[in-house]
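Here the chain labels run A, B, C and D in written order, and each chain numbers its own residues starting at 1.
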Amino acid sequence: MKYVDNRVEDIKIAYVGGGSRGWAWGLMSDLAAAEDICGSVALYDIDYKAAEDNVIIGNKFGDAEGAKSRWNYYATKTLEEALTGANFVVISILPGTFKEMESDVHTPEKYGIYQSVGDTTGPGGIIRALRTIPMMQEIARGVEKCCPDAWVINYTNPMTVSVKALYETFPKIKAFGCCHEVFGTQWLLQTALKEYEGIENTTRADINVNVVGVNHFTWLTKAQYKNIDLFPVFEKMARENYYTGYVKGKDKNWMNNFFESNDRVKFDLFLRFGYIAAAGDRHLAEFCPGDWYLQTPEKVREWGFGLTPVSFRINNLAERLEKSRKRVSGEEKIELSKTGEEGVEQIRALLGLHKLVTNVNIVNRGQMPNLPLGAVVEGNAVFAADSVTPVMAGDVPREIHALVSRIADEQELVVKAAINRDLEEAFRAFVNNPLVRLNTTDARKLFDEMVENTKTYLKEY
Amino acid sequence: MKYVDNRVEDIKIAYVGGGSRGWAWGLMSDLAAAEDICGSVALYDIDYKAAEDNVIIGNKFGDAEGAKSRWNYYATKTLEEALTGANFVVISILPGTFKEMESDVHTPEKYGIYQSVGDTTGPGGIIRALRTIPMMQEIARGVEKCCPDAWVINYTNPMTVSVKALYETFPKIKAFGCCHEVFGTQWLLQTALKEYEGIENTTRADINVNVVGVNHFTWLTKAQYKNIDLFPVFEKMARENYYTGYVKGKDKNWMNNFFESNDRVKFDLFLRFGYIAAAGDRHLAEFCPGDWYLQTPEKVREWGFGLTPVSFRINNLAERLEKSRKRVSGEEKIELSKTGEEGVEQIRALLGLHKLVTNVNIVNRGQMPNLPLGAVVEGNAVFAADSVTPVMAGDVPREIHALVSRIADEQELVVKAAINRDLEEAFRAFVNNPLVRLNTTDARKLFDEMVENTKTYLKEY
Amino acid sequence: MKYVDNRVEDIKIAYVGGGSRGWAWGLMSDLAAAEDICGSVALYDIDYKAAEDNVIIGNKFGDAEGAKSRWNYYATKTLEEALTGANFVVISILPGTFKEMESDVHTPEKYGIYQSVGDTTGPGGIIRALRTIPMMQEIARGVEKCCPDAWVINYTNPMTVSVKALYETFPKIKAFGCCHEVFGTQWLLQTALKEYEGIENTTRADINVNVVGVNHFTWLTKAQYKNIDLFPVFEKMARENYYTGYVKGKDKNWMNNFFESNDRVKFDLFLRFGYIAAAGDRHLAEFCPGDWYLQTPEKVREWGFGLTPVSFRINNLAERLEKSRKRVSGEEKIELSKTGEEGVEQIRALLGLHKLVTNVNIVNRGQMPNLPLGAVVEGNAVFAADSVTPVMAGDVPREIHALVSRIADEQELVVKAAINRDLEEAFRAFVNNPLVRLNTTDARKLFDEMVENTKTYLKEY
Amino acid sequence: MKYVDNRVEDIKIAYVGGGSRGWAWGLMSDLAAAEDICGSVALYDIDYKAAEDNVIIGNKFGDAEGAKSRWNYYATKTLEEALTGANFVVISILPGTFKEMESDVHTPEKYGIYQSVGDTTGPGGIIRALRTIPMMQEIARGVEKCCPDAWVINYTNPMTVSVKALYETFPKIKAFGCCHEVFGTQWLLQTALKEYEGIENTTRADINVNVVGVNHFTWLTKAQYKNIDLFPVFEKMARENYYTGYVKGKDKNWMNNFFESNDRVKFDLFLRFGYIAAAGDRHLAEFCPGDWYLQTPEKVREWGFGLTPVSFRINNLAERLEKSRKRVSGEEKIELSKTGEEGVEQIRALLGLHKLVTNVNIVNRGQMPNLPLGAVVEGNAVFAADSVTPVMAGDVPREIHALVSRIADEQELVVKAAINRDLEEAFRAFVNNPLVRLNTTDARKLFDEMVENTKTYLKEY
């Protein structure tokens, strides 16, 4: 890494899960669009061929119209090779295959448990965590050995336990996790500003929010636009659209649009508790007692969101594979597109090229005093030269603390269980999950079945 | 108050709710049995006649066989009169009548919500709290004015929010709350010692326990008899009796025996989480999600406990009224009986006559670091001359923290709502209660109905 | 206050101590240089004439070359008049006259106690606090009554106790305190970068620092320029210049230049503890045991800084009065000059016009976990629309915690003593101050003498 | 270990430092006097001959008049042998010889630094800590390996850092440290009760105290006898005897009587801060700035205590050696004598034979919220079956927090430095010690000299 005036050259990024047909392309696009940084990107993936395809695609981004920097992409056969000498590490892996995801999401349905996503919490999220955490441990050990000073950016779900596992394994790791769910709520507030205050042309950065909670279950305790408190504005929106949901002009970003909701869950949570939940409804619903939004598929539809079946994800992947083929072959032209993600801006800030305040998943050093110290929480942080410093988000408000604290407890327990490869301890978390409305015997049966279904990835337990 | 060697004379006790036909008599008996203390007891009750009857009964206790001290009982027409100059204040009131209790317990049944007690948490407990807290505020103001240095012992339910309200109103109050539920679990452990280790003739004091949690939802994190760890012993008992419950040789203390259970809930909670829940099953069940133990009256029976109907309480009162009449008239002879309660021993310790370590409800000054500071919690404390000092109970174990922390949040919210006479805030607690498995609209309807039913006592809201 | 696109008009600023011949002019200059804000400034001062003079001067700033906005200045006869309707309140008062300052600084010398400044800590700072805090209480009550939503910016010393007193009086006040001492250390680090790394043309904002401590006794726990850790760079500077001090190219800003030092104290503290003290040496010395730097005037000179006599301050005021006269009469032309202060940038951020991360004095909500919660500490904060959010500065490092924590204790005690108008309690802080190396009897004599000397301002005690 | 009714047989105690001619004999006497426990005591000492002598003496205690139990004493050649299978481990070692102690206490005098004890804090205490901590680490490793469930009772000074080192090395160790200094202050309060209230025949247990602080620098925040607050009583004593000290009827216990003071320091600290310091004046003085009580030997005499020269300790040892010889040979008859120590009572409580509340040195789990978590502090704890549970001592009062917190910081730093064998880090603590009123250069010279003098025991650094 070399500074030339206010440019940085020879940056090395290691991308773990570098065969990705989604996040990886977004990052490639954002990197190519960055003026003042350049270097190389090592792509590591257990599917080496996928990484090789992405080398081809990645290198084409440097030629795309509007590209301002050229990055050198290459694939590596080992994790160590990718990590050695890296200044930044990006983690975006898929823990397991659709077979495991199928079990995570759909096996609980036999017991009357419905999950809209199944990757963060709920029975599916817990089992997924059990297979993800050992992978994170391996990556953290690699970082410790090969690039202990690198900054590590995680995009993998389940986000919270993944980041926590990195820190548990290598306590000095400089890691954080990124997620764009809060952005969607800021967008909703911009919409409300337009609709109820007639203020147009605002940007996300104009919506000053204070974020508390954990990934996918974040809450805003303050939302301000210039001198306008956005809580009463949002309340108007929530009351007017309580029964119908709000459907106008939804974001069409490809990463979101199969995952739409009409925000009824968000409105309901606001009327229940007085705070703005700041993730998509599909995620929010999974953190609440199963009686609230996920009782039956019919109820789910009434609440204006969908249960994403794994079959959909399989189809979606097929489309993305096809897209990859076309991009490699040149049938499809590579074009830069703004992803709205902040990864590259965060990298630039860590290099000391600017300062940035944004929400991020990071260890609780006290910024949320009534969540456990050492847990991973999501809140704002200041990104600056070689530092990510959380801002004092403050206590999770009493009204919603029980909901949020519960999940933090679950996650702490799951990480401990996974690190100890202890299924009994994992079951203690599972049986207390708010979607698992089963007696102890049935809960155990479901747990055992889900573990059995995914045993390929749970051999160490 | 006057010390004569190691005796204390002229102690003044104010008994608020002094017309009680239960607790009051127990205290009278224990006071008469105490050798080294004597004085007077002012009985105050909104039912003045009941207090007068208890004056007659109380004074008879001094003549009972085995009585070792004579206390002078008298009734007062005002709270102030009772409190003025008191060294100790006992609070044991009934917040409202059976009419209100009827609504607390049975109105939610229309919405499919069953409560086994309905006085601590759940919809009934929350509404009961709303009418109790203003009464506690009035008493606290009286203490501040008339006897700010007195020690205040509360027996009223809901215990936690009652004690909290005392402190919120008069922060320098020296108050704590007593409950015998943990004693029952110690008794169960004695039973297990006998059955599985063949050790007989133990006393409750031999069972060294560490208590965490809140009243009626306490947990043991350690239970030791001499060099024997009682957790594996209890585990044997739990596994052997999981499906049938344990029914041998139950305690026949009149205050408990209509309220029996077979401890299946306790066994189930132990198998779920690995810790010993330390209250009666009827109470424990109410703090858990409604899906676990209180789904339907049938499920409740399967779990081996009963839903206590208010009609039963009405009958029970009739019996106690009759007993009162006979005691006043002399038809029934007054006899001392060991209550097993610790109130008098606590009073003696506060007077500096001995030291005592026991569990008590008291403000969290940090003794349970992962429950809110300032919340009222139940754990061990050292009673000594003019001091009740909590022992460091330690964190609520992660496995059960979500369950316990949730109720602490609810209670903090309810106290705040009640003190501000703010029904909206109270509803935020209500709608998040784990027994209230309703959508927002229905929850609101139920809440409004219960408030309406008990409005006589909620005029200030 | 009115938003017109990205400009804000009709802002009202209340300036308490508006007759100031220093800070006030700096603010006037910075306000005139701001493009996107304008409005009016109410000047309130117990010296009404001084405020009137500043009205004349203030209004001339709008005509100065380079002025980009015009502010309307006016004097008010009462505090309330100034505060009513204010959006921002600036506090920059002098608590007492030179007579009191004379006693603060020089009376302790009779007991062998030397102070380089005497306005923050030490016997002088404590006595000064006793007369300042009641003034702050009055202002806070005014804010509560007249403009409870206004942002309050304090420049008055003693800074920490002043801000704390504002919060103690009106807990919902939105107040913070500004001080430029850290800037000087950032400048020193820029100098070190130039000298030891050959890197020129850096700006203060390029020096990314983490600040912990309390005003005038702040410490850097991290200092980074792009990818360069500045601790080893500073260590070189400290070792090379340990005996001589560093004197090249000092800042000539009028507010500092009579107050120079050669940074030997800073170097010594670095070698002792391994952290960079981030205020001027004159301030730093006063927080350390009297044996270290302030033993005698000779020792002080050896350490490369001066004892600022009050006579100097009297002369300096005379010069500033003359300057005021000339500015009012027009003999001296008003010119804009960059003050380097951040007040106006902070105001713009609070209005939502940009974001700013800078160090500020603010209540410890947990951002410095090993300093008392609720104490006022100095660290970085994010300024954004209607919010100042501290960043997690983290623990004060163990090596220096004893030094810093001690002063936080002293300040907490002094504020409590002052609010209770309790001289006995104030003495408990005084007798434990590290400069007061006296036995209890002599310490009491000195304390009584200093109180007597300043009794005009201590009538309420 | 075997329970027979309420007796425990076959207890194994390991005594590390078992050649002691002081503490060991006291423990032997107390063990012999205990009715309900018996077993064996393994004596391990680097001076094997001394341990052998103590075997002879120890076994004679069983024959002494009034002995109620017989313990089997034997010497071991290795630490492991002593520890294997132990139920209790007593640590009472001397870290180094009089040569090292000579340097600890007297080398600083060359720099004008006087120490009254020199074993706990001050330059001597810090250097002594550096050689003690590695020994404690060795013992802790032995416990982990040979008897991980044993209770470990430390009597070695420096107490705080010794206990901390045990926990740092083996976090699950069940260790605490005992010291009788608080007892002396309770005795002084009994004296005050007699003198000012005419109350005689009280026992130490009657004086209900709340203890905060660290070993040898403990403070009482509450002292109560029945209904009498002892603070005003002590204030009378302090004021009346401020200039003369209090000298009537001092305790003649052999372990104390060469170490007398007239309590002037205690009185002065009370008048300064309003709290009762609860250790001997010789210890208290060493924790305060050197200007207060230890400026010169003359000042020390004025303050009514003595500087204990190492020559005295050498003479004293000679006397004890002679006493040992006589006891071994039978020239001196073994007699039981009440030591006033609580070790045996603590052992009985840990065995579940009774409950005990007393002050003890133990890890801060939050019982003193404003001292560092994890530091070793001294306060009350409940001793019961297999548990030592601290009581919530509460915050160190603000008035004295700076003094106490400082030493906690020093101790934390010293332990870290010693464990890392890092003299640079140790110096950071040394240079900030309140007795070390030297510039950095001289402090370094003194430090280096003291390290050099004691290098035999600092080889690992």
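Throughout what follows, a residue touches a chain if its C-beta (ideal position, glycine included) is under 8 Å from a C-beta of that chain, and two chains touch if they have at least 3 such contacts.
Computed from a predicted model, the values in this text were never measured in an experiment.
Counting the residue numbers used at the interface between subunit A and subunit C, over half appear in both copies, so the two copies meet with largely the same residues. Farthest from subunit D in terms of Cα centroid separation is A. Rounded to whole angstrom units, the spacing between the C-alpha centres of subunit C and subunit D is 46.
Per-chain Cα centroids separate subunit B from subunit C by 54 Å. The residues of subunit D never reach two or more other chains; the list is empty. Taken as a graph of touching chains, this assembly forms a single closed ring in which every chain touches exactly two others. The chain pairs satisfying the stated touch condition come to A-B, A-C, B-D, C-D. Put simply, subunit A touches subunit C in their complex at residues 1, 3, 205-206, 208, 210, 222, 224-227, 229, 351-352, 355, 357, 365-367, 369, 380-382, 384-387, 389-392, 394.
Chain contact summary for the complex, subunit A toward subunit B: residues 268, 271-274, 289-292, 370, 372, 398-399, 401-403, 405-406, 409-410, 412-413, 416, 428-429, 431-432, 434, 437-440.
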